[in-house]
Amino acid sequence: MKKRVWAALLAGAIVCASALAGGCAKETESGETLTVFNYGEYLDPEAIEMFTEETGIKILYEEAVTPEDLYTKYKSGAIEYDLLCTSDYMLEKLIQEGELQEIDTSSFEHIGNVGERYFEFSKSFDPENKYTLPYFWGTVGILYNKDKVKGEIDSWDVLFNGDYAGEVIMQNSMRDSYLVALKYLGYSLNTTAPGELKEAQDLLLAQKPDVQAYLVDEVREEMVAENAAVAVIYSGEAYLAHDYNEKLEYAVPKEGSNLWIDAWGVTKYCDNMDAAQKFLDFLCREDVAQMNYEYIYYSTVNDAVVENMSAEEKENGALIPPEEVLADCEVLKQLDQETTDLMNEYWKELKAD
Amino acid sequence: MVEKIKDFVSRFYLALVIVFLYAPIAVLVVLSFNDSRSRVVWGGFTLRWYQVLFSNHQIMDALCTTIGLALLSAGIATLIGVLAALGIQAMRQRGYQVMMTFTNIPMLNADIVTGIALMLWFVRFMPLGFASVLLAHITFNIPYVILSVMPKIKQMNLSVYEAARDLGAGAVYAFFKVLLPQLMSGIVSGFFMAFTMSMDDFVITYFTKGAGVNTLSTMIYGELKKGVKPEMYALSTLIFATVFALLLAVNFLPKRKGKNPAGGPAAR
Amino acid sequence: MNEGKTMKKRPWLATPYAVWVAGFTMIPLLVIFQYALTSREGAFTLANVMAIFEPVHLKALLFSLEIAVGCTIICILLSYPLVMAMRRLNMGRQGFTLFILILPMWMNFILRILAWQLILSNNGILNFILQKAGLLPLSLANTGTAIMIGVIYDYLPYMVLPIFNAVAEIDEDLVEAARDLGANSLTVFCKVILPLSVPGLLSGIVMVFVPSMTSFVIADVLGGGKLQLIGNVIEQEFTKSANWNMGSGLSVSLMLFVLISMAFTTKNETEGKSSSIW
């Protein structure tokens, strides 16, 4: 008797599950889909829903943590993505390898909202602006806790001179950590000279005991919790950090830093260029860009949104990097295979130490 | 007197372990009521995350997928597993050893190796999606079912079965009426174990899922870097509370007649 | 004695399973071997499997072993008193205490590890309590100790349950007989309970050792990116360096450890002494 109840329950559960799973996992009844690959928390989910409502095109959305993750997953061919959003040097690599299709941004309805200068910046990885659409940008700098630091914070020196031993947080990303060291040593962050890289590596190895942790976006939470005094951070995160904890300030060191741009590209796998361009155009729309801006709070490329910002926001150096700061900033470029392999080895060594 | 001390020490130690096990859970429950997006800043008490939770489509989707995946994979794994256990039991020494070795492999292999192996294999002939994750989950669930059922099979009392057969029952009928009930506690615990492993799995799902397929685990992992959405804490608290209530009910409501040791299914 | 109708031997019932094993366990393993033994260009090479001996990887492997061994031993040390306490308080029979132990597993494990990070961080809950009590704060965040705590937390139930099941099956009469013969509690434990609990102990060790060695999420969250377990290295080879060959090579080396553990379990299985895990 009891056994029958169990059997019935089990059978019922399986039927339920199939229905659930079928309902949940079912892709499209009919209609178009776009598979989009982006960084985590980098697009307002409501915007995605809005897009599907307006156009009927379904979005399959995947997220990656770092550009390398994105590249590896993309290249594995396990999933055929239509649209990618990633960083400057990674886009350069993808373009060089012929992975992206050309897009005609000038034909977008709302392209006027995107400032000209971002296309200028993009030329470092997309020389003729044929493949990419800028999305968000910013700088890399130091986030520091006013109460925990002495003196002026205007140099990468504070991360290396031992003043804040145990209270330093570095980025858990290969290029970002090396650019800090290289800039501090006065070299270009795109150098391929083995000697210069070795110097950077030695500097980072010497620094490791003083480093509290290597984090990506968790940096913000840790600084807000006041677990450290100084950290390397992206400008966008810095703004949010200050919002949560007023003691946190952002500074771009005088030795110069990195100007980063994240942009969208359409992959060679996409056979629905129309839909893809619709999606990109959609992102340029003022209300959508506003939604994304408020979701992420990074520096937006959408001038219409910038117009609408409050005076306080416009003055914030993290949100709107001033010109003089940008003068010393370089955009990351894709390095050759040999240098990349060397860096990979160094990075492994650093982490294993 | 010594006995009293021993009793006290026992209770004290038990309490300590329970505090250890539940400390993080308490933290998460508290966070679910935190009126602030940051997990390090306390912003006051609120219930809004519970409300927001149900309108967050992504999380609801992920929940759907997670439960559906767990039920399906556990169900199918149980089916295959029970048949397998019966079959293996009937084998001779060599076959038995070989099969049990294979059964142990997924359990002993690091799940990262299993996940990657399955991914590398799947990528060759099928696109990753819900199906690939489902197959992966069934694969790692079956061994748990087998290992839960096997001891019961070994303890099977065949004389009642033989008696039934002598009285004219067909083999299949006798099996269902006599043997299956004996195995039931093992089957149910195997099912629940598979279900739990599937619900909580992260690594294997991470490598074998397709675009747009998200389970709660992968979603949380993706949110770790930028900050886990508070709705997640609310959801986890709800799931926890539900299971707690269910288990309380199963344990303390009708006491079953018959010798079903509570160490079996009731323990879950 | 077995005249009349007895249970016919039906090994073929295991066929669906055999097919499944072949398709989803064996072949993927072969695929990994294939990647492990070839270089990026496709040529045969042993470099990837031997790579485990490079200093960088060796460090990670040794650290992983440290964690795994430490975790297993501490879990054992924590489990036995717990099981004895449960036995003494007669709680196991009702299943209540057992389910209290299993219940935490229902809260997503990543969230639980995240909660530990909050508890252990420098300005975290633990230090908050310590400071209120007038004690010195502990600097546990992002250390090996934090990872150890996380791993023990995650895998303790897997050690307790099999041991408990094994001990629960011990006939009370044996214990009484021992006492009647004059044994005190310690002797009873060492001579009667401990030996009879060995199948459960072995199950527990197997279920704790390998996972604790290869977990990478725990090291990620609690180690602050400073400490690498072999699991992290493998994961990075696959997701960041796109070096599937190296990743597979390291995985193959890792599987050798699996084989050693297997020697234990199958020995137990064939002697029919296996205790149910659950």
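Each chain carries a letter (A, B and C) given by its place in the written order, and its residues are counted from 1.
As a convention for this text, a residue touches a chain if its C-beta (ideal position, glycine included) is under 8 Å from a C-beta of that chain, and two chains touch if they have at least 3 such contacts.
Computed from a predicted model, the values in this text were never measured in an experiment.
Taken pairwise by the contact criterion, the protein chains are fully connected, each one touching every other. Among the chain pairings, B-C comes first (most C-beta pairs in contact).
Put simply, the C-alpha centre of chain B and that of chain C have 16 angstrom between them. Each chain gets one centre point, the mean of its Cα atoms, and the points for chain A and chain C are 36 Å apart. Contact with two or more other chains is made by residues 39-40, 224 of chain B. Shared contact sites, meaning residues of chain A that touch two or more other chains, fall at 76, 222, 225. Multi-chain contact residues of chain C (touching two or more other chains) are listed as 123, 238. On the side of chain C, the complex with chain B involves touching residues 4-18, 20-21, 24-29, 31-32, 35, 78, 81-82, 84-86, 88-89, 92-116, 118-119, 123, 125, 153, 156-157, 165, 168, 185, 206-207, 210-211, 213-214, 216-217, 221, 231, 234-235, 238, 244, 247-248, 251, 254-255, 258, 261-262, 265-266, 269-270, 272, 274-278.
Contact residues of chain A toward chain C in the complex are 66, 68-69, 71-73, 75-76, 166, 172, 174, 208, 211-215, 222, 225-227, 344, 348-349, 351-352.
The touching residues of chain A, counted against chain B in their complex, run 2-3, 6, 10, 13-14, 16-18, 20-21, 23-25, 27, 35, 37, 40-41, 45, 49, 60-63, 65, 76-81, 216-218, 220-222, 224-225, 244-245.
Those residues of chain C whose C-beta lies close enough to touch chain A in the complex are 55-57, 59-60, 121-124, 139, 141-142, 224-226, 228, 233, 236, 238-242. Every residue of chain B that touches chain C in the complex is listed here, in rising order: 6-7, 9-11, 13-14, 17-18, 20-25, 27-28, 31, 39-40, 80-81, 83-84, 86-88, 90-91, 93, 95-97, 99-114, 116-118, 120-121, 124, 135-136, 138-139, 142, 144, 146-148, 150-152, 154, 158, 161-162, 165-166, 171, 186, 189-190, 193, 196, 199-200, 202-203, 216-217, 220-221, 224, 228, 232-233, 236, 239-240, 243-244, 247, 251, 261-263, 266-268.
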